[in-house]
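One structure, pasted below without further comment.
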Amino acid sequence: MRISQKVTRKLITLALIVILSAIFAATAPSFLKLRNVQEILRVAAYTGIICVGVSFVLIGGGIDLSSGGIICFTGIIACRLAMLGLPWPVILLAAVVVGAACGFFNGWLITHFYLNDFITTLATGFVFSGFGLLVIAKEPNGTVMSQTITNRGFLVLGKHVGGFYYIVIAWILLTLVAWFIQTRTRYGLHTCATGSNAKSSEMSGVNVKRMKISTFTICGACCAIGAVFTVAYQQTAYLSLGSGMGFDAVAACVVGGVMLGGGKGDAVGAFLGAVFMTLVTNGMRKYGLDTSWQYVFEGAVILIAIMSDAGFAVFSARRLRALSEKNANEEALLEARAKGGGAQ
Amino acid sequence: MSEELILRTENVCKSFNGIQVLKNVNLEIRKGEIHALMGENGAGKSTIIKIITGVYTKDDGEIYIDGQHVVINNRHDAAEAGISVIYQELSLVPELTVTENIFLGHELMKRGLPDRKEMRRQVQELIDRYGFLLHPDEVVASMGMAQRQMTEILKALSTEAKLLIMDEPTTSLSASETEQLFVTMEGLRERGTSILYISHRLEEIYRITDRLTIMRNGEVVGVVDSKTVQADTVTAMMIGHELEKTARRTPNVNYQHCIEVKDLSLGNLLHDINFKAYGGEILGIGGLVGSGRTELVSCIYGAMKNYKGTITLDGKPVSRSVAKNIRAGFGMVPEDRRTEGFFPQLSILRNIAISSYDRLSSLGFVKAGAENGHAEKAIADYDVRPAMKKLPLQNLSGGNQQKVILARWLSRDVDVLILDEPTVGVDVGVKAELYVYMRRLADKGAIIIMVSSDLAELTEVSDRVLVLHGGTFFQEFRDHQATQQAVLLASSGVAAKEGVVL
Amino acid sequence: MKKFRKILALVLVALLAVSLLAGCSSDSSSGSDNKTVSKAKPVIDINNGAACKMAYIPMGAGQEDFPVILKGMQEAIALYPNITLDTYDPGFNPNNQINLLNECITQGVNVIFINSMDATALNSTIAAAEEAGIVVISINNGCSGVHTAHIQNTTYDAGYEAAEYLSTLVPAGAKTVILDVAAELKPTCTMGQGFEDYATKTGAFEIMEDYAQSITSIEVGYQAASEVLTKYKDVQVLYCVNDNTAIGAAQAIEAAGRQDDGIIIWGYSGTPAALDAIAQGKIVGTSYSDPFYEGYAAMVSAMNYVQLGVTGHNLGNEFFSNVLLPTKNVTIDNVLETIRGTHWDMSAYNY
Amino acid sequence: MKNRNLFANVWAQRALILAVLLIIMLIGNRSFFSLGNLRTILMSIAIYGTMCCGMLLCMLTGGIDLAMGSTAAFTSVVCLWYYNGHGMTDGAFVVGLILAIVCAVAVGILHGICDAYLMLPSFVVTLATSKLLYGLASALLKGSFIHLTNTEGFFYKIANTKLFGAIPMPIVIFLAAALIVGLILALTVFGRRVYAVGANRAAAELVGIKSRSFRVGCYVICSLSACLGGIVLTSMNYITSATTAQGYEMMIMLALVVGGADIMGGYGDIAGAVFGALLAGIVENMIVMLNINTNYSKAVQGVIIVLAVAFNVYNNRKSAGLIAPRRKRAEAAPKKEA
């Protein structure tokens, strides 16, 4: 059975990752060290968990730029709760609830008022980081107080076991669950349908509005999970937590094949996208090269990814046309036969 | 074909804000029959279909499915009653596979998850039963037009549809794909599924359908057996009353001023097109929807650039750039005004003046006075209502929007005017006005090429008619020989006696 | 489809290979890391050729004194070809600084210099570095967690001495606004605190507001100062915690047409632009310290620690050694000789 | 069909918002109403206001440019790098400026081709180029930054002289840019075509406008305005680096949206853009004046933007007749009865 386009797209990203790691491993001594692999996975996990949430929104035909704000808000809440000495499950649950609420607010605002996803989530991102400032611990004279978390029950989340940070394990689990939901459950099918052709999905009885709101809610929850693990690792929360993550997560998803426009790609693609982007950044640092080249390279990689994907689409469109040309020459044959019959 | 009826409508009536659209429509479709429905644009065909499928609600009259009385207020009622529709623009989800599309909205669940194996098995079974060339796991996006059509049919059949309504399914299919579709439909007929087939193409009606209902002006004018009916009787019933004779104009044709098209071909759509359009005459181009008329005039206008062959105006080659042609005096009223015609949120003034800024500006700056004057004159000349030049065009009625687009070109006394379905969705009053303006322009010696599938318009308004069929010109009707029947026959490839076969 | 995938993969590999080869060729250090860094910290005898890798992580590309500190460091290791120093650009983002710290740990670097963006955010990562036997030295804005050394020019005394000098220029109880560092840097940059303590002790200044806002550029300083000017019409002294804010404040006053109201502006760290502004009388003065010496001192202490094989973690001490470099009040009278002696790149100014 | 309802007209809505803000300030802090404070507000929005005018043309034709900040940084770095490297004479400045303009045009063309011809998502493309330009700028300066020191040269005078002794040049440049773009949109054929391409690209093609190359032109103008903004900002701060004008593109887009523009194109005008920039500046200033923690400014602007977007959608849908008065919506008669 021919491998479907989705799998091919993921194979390309996987191939790039393998090639890139091979090159880095060959030329940079410290690349293959256990600690470096751990580090790559940990950083990729932080972006990856947000990418899982964003992939739901992208597949559903929307876009979410407020993940930075949600991370800041839920991260600070987690930090405040951790200072109170609560165990990590309670904190994680509280953060996820708040994150989901922020996501729901996004989805409700967009579907209820027919607003444009891009601008609305950009604006709500600012609003959520404003909430973050509201809840952060402050000195009596109003300036922000910086706190170091010492609550053992919470800091365990930042540790690693058998070489894998808990955030990495959570990331892999989340990706598998998300992939299962997106490809195996009815909800996933309906999300993909809504993203690909909202009108006909609605005609077939899919509640498009509820779909859109739920994708944003899931995205909010994932941002909260990512924030909690990061705060646990850094043992503190600060105002600029998660800044710029909104765009990086979308870029990683696009590189992983979850394209804007809806219906394409899935969580595993986003996983590979996150790994690839982190790999590029990490690898480039190995050469003591002026880090500005790392930004140049990152920009170039994103451009190549979208162009190759567009090329991919154009190529498959050309393949389609070739198919119909093949039918055309059959036509001459049929034309002759039809003329023979003719009408009375 | 057994005798009892799958569908019977009894005196169904429907009117929209005062206009009676359907008058006592009785439609009868037998079990296991492919029943055709024909009628001119505006005869009420799609309204009765929309009532049967629950898009509109009927004013009165009854609908019987399988003999039982049925109330259909929305799509779900229609689906439960076993009626499903395939619209012209398909309603498939490109990113999903065939199986997922077919079961979208009513997936079979097992232990809370969609039961993929079972659904795939059922789809495979349907495919084998009807002999489609489909694979259950192929993604719709990577499929050709015919395969998508089959998937759409399969989707209808998967809900045990007793009656399948197909609205002009073959417009964008190639001949081989159409043939595949007919084989499928014959397979459905054997298995007892009845099909209501709407089409303009007579040869298709002969080829595939058993009986044919003809509608005109919201009434059923006759039900005939497709196999034996003569083409002339069908067209006569469709046209019925003679259009009240508008004064036929005797064009003073200026044979020097002409556009000549020499052996033009475009992909596998058009091949060896040769004709001339003379100044002072209105040349009508007939043919069925999808026979390449729009593409032909787009080549002349320069909007389509990848054609082979030569087009010359008074001997000089016509450029392939729209901007140069406009400066040379070309103008085009596009087929679909909403997507290609007007600028919704811009004012009437802007919509009219947009084509004439070469005249209304100097050194790149728009002369406001000239622009206002130009627009106000156009609004007055062509009686655009409401005559408020600052009003966004989206707030106007269809007729007035079309007038604005026409005014866009007539206001710069264009030399070559191309009109593509100029009077679709326009009320009768505005229609007559548009014809007057066109005739006035022709009298000034301009070349006018009008593409239309409104037979009355084609025969009455244009002085000469060329009919496209099978990718090339099939027949020509000179100096008003064209009758609606002749044109209709020609567009189906049946040579009418009046015209000259090319 | 197969053909396309092959072409795409080949193009990508070629691109990656070319850009990386370019990268490798420009990489001077291929230090053969002969001794793997084990748990216990071995003594690296740099004086006779033992290789030593060092990394400097500033706040970001726009940090003004970064090139001068780097010049100081490079000067200190000029005679040691076996010591290599790499620099990184975290782009003013604490999360990137954490990732870069981990990067250095992985590359088995021996010494890390860092200007931290947040007093507490980096603590856990720095502790990890210290445990791996890496000497971590923070410069200027330091970290509250345990690390080997914190080199900074005396921020508290700078504020105190500046207040002392300014009190001689203004009548007691002069209305003052402190344009202070952002909250997260307050624990380690205490010049504002020094100024305030002097004011409360001697009553020389009436502090109207401690405006805690992270100001990195002159333009942001300009906006903050002009807003403060309109809020407090009668302000007499503007104590700014960095020179960009001071120059921005001078611009704001000029724009408001109040240059002859005698509003006193005092900066901090003495960048070329500030020295030039002092020379032209736009600002009254600044607490000057030459970042070159900071870099030099940091490198020297790093080399000592590396030779002794001692890190803050090994010493197990609660408090890390804090090297305070004195700041000098530079005003119109001693600005010219300071300019002559400074390591700042003053070539752009014609002195 | 003029709707007499007071708040339907866009200008009434804007006047209402301004009135509310001014009343708050009357209660809050009187010194808000000084001429000096007005100049402060205008100075704070001068730079990205200029860039708003360039971005307006791009947004009107349905484009998005997230790389404006990095374009401003990169072009100003190139200009100053050349200026300092070649004796800081006015001649060197002109050559530097030409180099910067060439870079800006190149960036604009890249964005235009990716969006109009290759149909790539311009959101991700411009995000990628912004990273690319940041990297190139910091590579050129080896990660640090570059000073503008020649205070006699024209480069310095751009932002530091005052027109008629009172109005700082950046404000003059901002108002001039707004005026020029306003004139272009109101009076020139180019302006008419911008609105036509924004309203309906296919229809524009049929009226003789090559909408694809036209949109590339708009992207180029957008990048050029970013270059102008970068140069003026550098002259103001006597310093530039890869991080100059970082994050400006967000403020610009939000200001345009508050001013009535639509991400999908076709809506918006220069008065709206100026109003959006002014409103952002006023809010920023108010927050400082009312002693609110300045980090809240982004959150407050977020709220205002969501309200503005809701207003815009409501206005556009109402004028398009999508929101019919209650009565008529019950039985929406079909427009085209086949």
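Each chain gets a letter, A, B, C and D, in the order it is written, and its residues are counted from 1.
Going forward, a contact is a pair of C-beta atoms (placed from the backbone, for glycine too) under 8 Å apart; a residue touches a chain by one contact, two chains touch by 3 or more.
Predicted model, so just to flag it, every value in this text is computed and none were measured.
Peer 1: Quick check for the class: compute each chain's Cα centroid; which one is farthest from the centroid of chain B?
Peer 2: Of all chains, C has its centre farthest from that of chain B.
Peer 1: Round to the nearest whole Å and give the separation of the Cα centres of chain A and chain C.
Peer 2: Using C-alpha averages as centres, the distance is 35 Å.
Peer 1: Using mean CA coordinates as chain centres, what's the gap between chain A and chain D in Å?
Peer 2: 29
Peer 1: So what's the Cα centroid distance for chain B and chain D, whole Å?
Peer 2: 44
Peer 1: Measure off the straight-line distance from the CA centroid of chain C to the CA centroid of chain D, and report it in whole Å.
Peer 2: 34
Peer 1: Specify, in ascending order, the residues of chain D that touch 2 or more different other chains.
Peer 2: Residues 134, 138, 143, 242.
Peer 1: Taking each residue of chain A in turn, which ones touch at least two of the other chains?
Peer 2: 239, 290-293, 297, 300, 316, 319
Peer 1: Identify every two-chain combination in which the chains touch.
Peer 2: Between chains, contact exists in these pairs: A-B, A-C, A-D, B-D, C-D.
Peer 1: Could you list, by residue number, the parts of chain A that touch chain C in their complex?
Peer 2: 8, 11-12, 15-16, 19-20, 23-24, 27, 29-30, 33, 35-36, 39, 42-43, 139, 141, 143-148, 158, 230, 233-236, 238-241, 243-244, 281-282, 284-293, 297, 300, 304, 308, 311-312, 315-316, 319
Peer 1: So in the complex, the part of chain A that touches chain D is made up of which residues?
Peer 2: 63, 109, 113-116, 118-120, 122-127, 129-131, 133, 142, 239, 247, 250-251, 254, 259-261, 290-300, 302-303, 306-307, 310
Peer 1: In the complex, go through chain C and note every residue touching chain D.
Peer 2: Those in contact with chain D are residues 60-64, 66-67, 87, 89, 91-92, 213, 217-219, 222-224, 226-227, 229-231, 233, 252, 255-257, 272-273, 276, 348-349.
Peer 1: What residues of chain D sit close enough to touch chain C in their complex?
Peer 2: Of all residues in chain D, those touching chain C are 29, 31-32, 34, 36-37, 39-40, 43-44, 47, 84, 134, 138, 141, 143-145, 147, 149-150, 168, 233, 236-239, 241-244, 285, 288-289, 294.
Peer 1: Once bound in the complex, which stretches of chain B touch chain D?
Peer 2: Residue list for chain B touching chain D: 16-17, 19, 21, 41-42, 45-47, 301, 303, 322-323, 325-327, 332, 334, 339-346, 350, 353-355, 357, 361, 364-366, 368, 386, 391-392, 394-395, 398, 408, 424-425.
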